[in-house]
């Protein structure tokens, strides 16, 4: 069972490299086994192409390494805060994918400018508030998680499964870690479309709420009619 | 004969993936057999690389599945409206290709800024009007087709074989489905050229009508002199 | 000897496709044998990957086909005017490469904004004047050549081996057709660099004339000291 | 030992081509053996794919060729000035990588707009002052090195291991030549992110100094906690 979790996390991390979402080692993926209370995460600073399943680190929800010989990703504390805050998610992906990072650097939420966005995110992709000096000085990574959780106080994390951390980059999540990887890939495309739309047409506006809901609900929830069955 | 139609539609759908026009499963292609009154279309939500000819769904012009075990693309009603509105077309392609989608999100027609555009489209690439709340709430996909047909009331769909659906993406068509795929590929290039031209030179103007006609008619119609024979 | 000319022209045309300079069949290359007065050029509308040496068409300087069974490129008359106007050139390449075409559509010359440009072009890359209605109506392709030749009345075509045809795309040339292909590739990179520079910094200025000359003359002419020998 | 130095420099030069950092032969890499006082550098104008270890030229710190039959890169004098000015560096890379060159052409330093930048550069990436006419006319390449050294009078070259030469392109360095190659790759990504951020949001500001230091010091120096060990 740990080995299935490790394989899923290995595959997710390597997908980030393959999909061009995490140049160098700028990114990491994790998954949680809720029943066992165990998290599997990328080891810190290991290139995707050399990583093996045994390199994946297993920790408990306090971040104590339970299995594995390598150091976990330095972003582990962010992941742990999110697993505690968002009870329904099973996987998390952090990437510095190009255009999502551009919006994070611009400290702007990504407005929903078309149905590609509406198919996957039921609202704009939000951006966190800046961290204060104290939040940077101590427990920086956990505080990054808390800033995300605060931003989602009134947002359903499964309807909007991504966030931009101001001046940093994106985190995505989902019921499973492959869902989180797919969301990261869609987010990058949507971020790039929104960049090009607003640089072409500075006053482009978010789409009509009814059209937004129509597209999201074609694909998600009890009345979805997209896909097989 | 159904099998030839299925193969053509399979090949067209897979071309969209290969040409980078439809990331994920954001796109679909169909073809019509006018004599038989049958339409072959992509199944809903099936990845291009796993799709086989038997997955292609055959329906009549009312959308009733005549052959095939999968659900047709949820955009089928749009295709059917277009086949009824444009009597001469034999294939349709819908993609969320990047720059065509950017223009659709900006709700702007693509002006003809150079001869690359003029070689393929005898006018700007038009954009539809927004759908009303009622058109979104019921029969959304068929209403998307009606919005396109209304936009072409005074436009020859074979001289301008593409449209931008406002806030959504593009539809392209042609006498055959491979023609529609090639138009989708050219549209993406032309949309990207127009984006870069207008962000470099905000006041760039559409080309001279005589130059536009010259280039279109070098390649199309009785006096064409491009290509062999 | 004709066969060597054909092979060089085949290779040049296929290079355009391989280098991403001529999507679809938007481009053509030719070479001249000055002693024999013969020009070898791409056939019209034949995809690069299916083209063979025997498909290359041989004409005289009046455009009469001397050898070959296919129709020559419809742009042949432009090439012929340039071979007559620029006595030292041996090869010509026409492409709709993306960013060079963007500048042509913007009807702007490409200013020399850095040493990458200065290494290859001893001045800005010029843009032609618009053609008049009469020049479009009859002998359009030859008139395109005349517009280029007029633009180079006071410019050395070997020191500035490229031009932007307004609202259309680029022509490049050189002592040999491989030189012309390399110039087309460098032009595309330089055009893209200039686009990004001016969209980042609208008031960026052409580089100092002394720096421009220094870089060009490091690589060209009697005092060149770049490369071996 | 010379052969290990040659292999490292060969590999670095070929990496530039493979990573897309040096289109054509726009770039060169060198390494120094401080004990022996010998520098290994790319030969001038030789394509990366044809280059072999024996083509790499060995010179002393005055630029006299000590071993090798080819001419060294014409940029050798720049490298030599940098090796003398920055005592701790072991390798140098010069590239015309696209977006770094765009910032050099815009004559703008790259501000730190996010943590991707902060992870690698402890400050903005500086730009040199223009060279004077006399500095261009004689000893141009050495004077380029002096302009860089002057710009770093008050900057630690290992904390900011890259520079933009105004109107030209970038130089990067590090304790070893593979470090310099990795810095060149990161610089290109960071330059592109900054371009897109500022064209999206013209008034985007450099990140908070505390956040900048936090990220740089997570990866560099005695308190680093990123990576294994």
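In this document, chain identifiers A, B, C and D correspond to the written order of the chains, with residue numbering beginning at 1 in each.
Definition applied: contacts are C-beta pairs under 8 Å (C-beta built on N, C-alpha and C of every residue); 3 or more make two chains touch, one makes a residue touch a chain.
Keep in mind it's a predicted model, so treat the numbers as computed, not measured.
Annotation: the subunit A:subunit D pair of sequence copies touches via predominantly different residues, less than half of the used numbers being shared. When subunit A is laid over subunit B using CA atoms, the rotation angle comes to 90 degrees (nearest 5). We define each chain's centre as the mean of its Cα atoms; on that basis subunit A and subunit D are separated by 33 Å. Centre-to-centre separation between subunit A and subunit C, using Cα means, comes to 47 Å. Contact of a single residue of subunit C with at least two other chains is seen at positions 199. Taken as a graph of touching chains, this assembly forms a single closed ring in which every chain touches exactly two others. Across the complex, subunit A is touched by residues 23-24, 26, 43-46, 70-71, 74, 96, 98-99, 101-108, 130-131, 133, 136-137, 140, 167-169, 195, 198-199 of subunit B.
The part of subunit D that touches subunit A in the complex is made up of residues 113-116, 119, 182, 185-186, 189, 192-194, 196-197, 199-201, 204, 207-208, 210-211, 214, 218, 225-228.
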